[in-house]
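Next come two complexes, and both contain chain A; in the first it sits with chain B, in the second with chain C.
What follows is the complex of A and B.
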């Protein structure tokens, strides 16, 4: 039995490690071979980029060698997949190698595509790459006052990031003693300050209290970096001095190039997590088109389901679990308070009041993540 | 007339039905029709409000067996 995992991010790494342990006997006996193909030899803790943008973490804290995170029984290769031949259970990699599989797991994640919005790359600061987060921090430090506009494009990973960034901007300028010189304006695509009603109900009065202005039903159409104006699809425009953007995201380039799904999102059964029309192909994390948050926690919970099902299929011939849509997200409410959002396909998120304790748990989790991806937590 | 694409956002809370619809419509061509399936009653107000502001076209909206079926056409 050849199991091939494509992607060494949160989902692929957790899945590989948990599967390696669940199938340790079968791997030792040579009955199962587990291979993980990744585009990089490094693993990044992506949520840390937000802290880098606000000067609370340095980039070196966000990385580990991928090999150091993986069970030694996993055949790990830095050789990204360039071609998927699902009809013959085969992939081809950048180096020209061909890998046959019996079970394929696609965990190729998502990427930012700011180029899809005219002027966005030139006009905005972002925190979705190491380079961008460092630059955003520099721009924030240089800023002396004026209008800071936040814009949110869709789709994007980590749906609570816009709210967190808004609160952190407030606290950042407050800590520098120039909050009274900064007008914070938040722009959001739907008709409330967050897509999830309970998050919106909590965040709106918090925005009011912090003096964060907001405009809803604002879908970013174009940025004019020369004149510092943002334009919405809905026909409004706003002048800014500093623009902070949540850029639009797309699925992995290789998914796009292989026409596995529109926009790079792979059509996936929301319960079984199999690719539609391909029972031996699983999809987890940001790569799916299922309507849940694109976050590490969704990838984590999905990976656990797929691990149990693959292991059970091998041991008993029957899958045992379905993904219930479970997601858990911390929400930073500023420098020293946080809350969290936990929900599934049936149960609505219920937000607890932000507290210092949850913030410190999030700070601890920034380190505990490395035990999570090892499949231990 | 292009075919109607179904956006199944039943039982989803984050990013939610309207966000799912906007995501699909962004990539569509003018004239494309979408049917949003939502179990969130808020969709019956949120979607028409956005469609009106974004100058698209509401085609129909009805609740059948607890599920909202909201049809929208991309107009520009």
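What follows is the complex of A and C.
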């Protein structure tokens, strides 16, 4: 049995490690072969980029060698997939190699596509790559006062990131003693401050308390970096001195190029996590088109379901679990307070009042991530 | 048995004054611990726990190490290690006090005549014999 995992991010790595443990005996006996193909030999803790942008973490803290995180029984190769031939259970990689599989897991994640909005790359600061996060931190340090506008494009990963960034901006300028010289304006594309109603209900009074102004139903159409103006599809415009953007996201380039799904999002069964029309192809993490947040926690919970099902299929011939849409996200409500957002397909999130204890849970989790990704938690 | 709201109101509180005082002390303890902690401390603690868990996992799934620990559970093996350690100590001390060897066949003959040298050669030869057998057994069972 050849199991091929494409993608070495949170989902692919957790899945590989848990599967290697679950099928240790079969792998030792040569009955199962587990291969993981990744585009990089380094693994990044992506949520840490937000902390880099606010000077609370340094980039080196976000990386580990992927090989050091993987079970030694996984055949790990840095050789990204360029072609998927699902009809013949094969993929081709950048190096020209062909890999046959019996079971394929696609965990190729997502990427930012700021180029889809005119002027956004040139005019805005972002925190979705290491370079962008460092540059954003520098710009925040240089900022002396004026209007800081936050714009949010959809879809994007980590749905609570805009809210967290707004609170962190408030605390950042407060700590620098210039909060009174900064006007914080938050722009969100739907008619409330967050797409999840309960998060919006919680965040709105918190914004009011922090003096963060907000404009909802603001779908970013264009940025004019020369004159520092943002325009919405709804016909409004706002002048800014510093623009912070949550850029639009798309699925992985290779998914797009192979026409596996519209916008790079792969059509996936929301319970079985199999690719529609392909029972031996699983999809986890950001790559799916299922209606859950594009977060590491969703990828983690999805990986657990797929691991159990693959292991059970090999051992007993039948799958045993279904994904219930479970997601758990911390929400930083500033420098020293946080709350969390836990929900599934049926149950809506009910946010607890922010506290220091939950904030510490979050900063502790930033370290415990490496235990999670090794498949230990 | 169901309890009405009126009856509930009449149930005496189970916390007496001492228990409440204990509870308040616990709250003060937690509050002081919270005030004493910082983000950096939580990060260091979590990092240590995280690395500790990963290390523990590696150790407990290391079959060779587990067999070594099983071997070390036997008292005679512990004594072997202790005696080896004591012998190394003595070797170290003796080497520091005796003058360097002058070389030559005569020196080798003199050394070979000493009972201690003969004991040593016998021990090393026996060690070689049993170690070889043990390695063959290990390879036979699939070890590398």
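Please note the rule applied: the second predicted complex is superposed on the first by the 377 of 377 C-alpha atoms of A that agree within 3 Å, B and C clash if a C-alpha of one lies under 4 Å from a C-alpha of the other, contacts with A are read in each partner's own complex, and residues count from 1 in each chain.
The definition used in the following text is that a residue touches a chain if its C-beta (ideal position, glycine included) is under 8 Å from a C-beta of that chain, and two chains touch if they have at least 3 such contacts.
All values reported here derive from a predicted model rather than from experimental measurement.
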Worksheet item: Which of the two partners, first being chain B and second being chain C, lies in contact with A:297: first, second, both, or neither?
Response: neither
Practice prompt. Check the residue A:368 against both partner chains and state whether it touches chain B (first), chain C (second), both, or neither.
Written response: second
Worksheet item: Of the partners chain B and chain C, which touch A:360 in the superposed model: first, second, both, neither?
Response: second
Fill in: First (chain B), second (chain C), both or neither touched by A:376
second
Worksheet item: Which touches a greater number of chain A residues, chain B or chain C?
Response: B
Discussion item. Between chain B and chain C, whom does A:234 touch in the aligned arrangement: first, second, both, or neither?
Written reply: first
Discussion item. Going by the contact definition given at the top, which residues of chain A touch chain B in one complex and chain C in the other?
Written reply: none
Item to complete: Going by the contact rule at the top, pick out the chain A residues touching chain B in the complex.
Response: 154-155, 159, 189-191, 195-197, 199, 217, 219, 233-235, 262-263, 291-293, 325, 327, 341, 343, 345-346, 348-349
Discussion item. Taking the touch rule as given, give the residues of chain C at its contact with chain A in the complex, in rising order.
Written reply: 34, 37, 39, 42-43, 45-47, 49-51, 53-54, 57
Worksheet entry | Interfacial residue positions of chain B with respect to chain A in the complex | 8-9, 11-20, 22-23, 26-27, 40, 42, 46, 49-50, 53-55
Worksheet item: Hey, which residues of chain A end up touching chain C in the complex?
Response: 336, 356-357, 359-360, 363-371, 374, 376-377
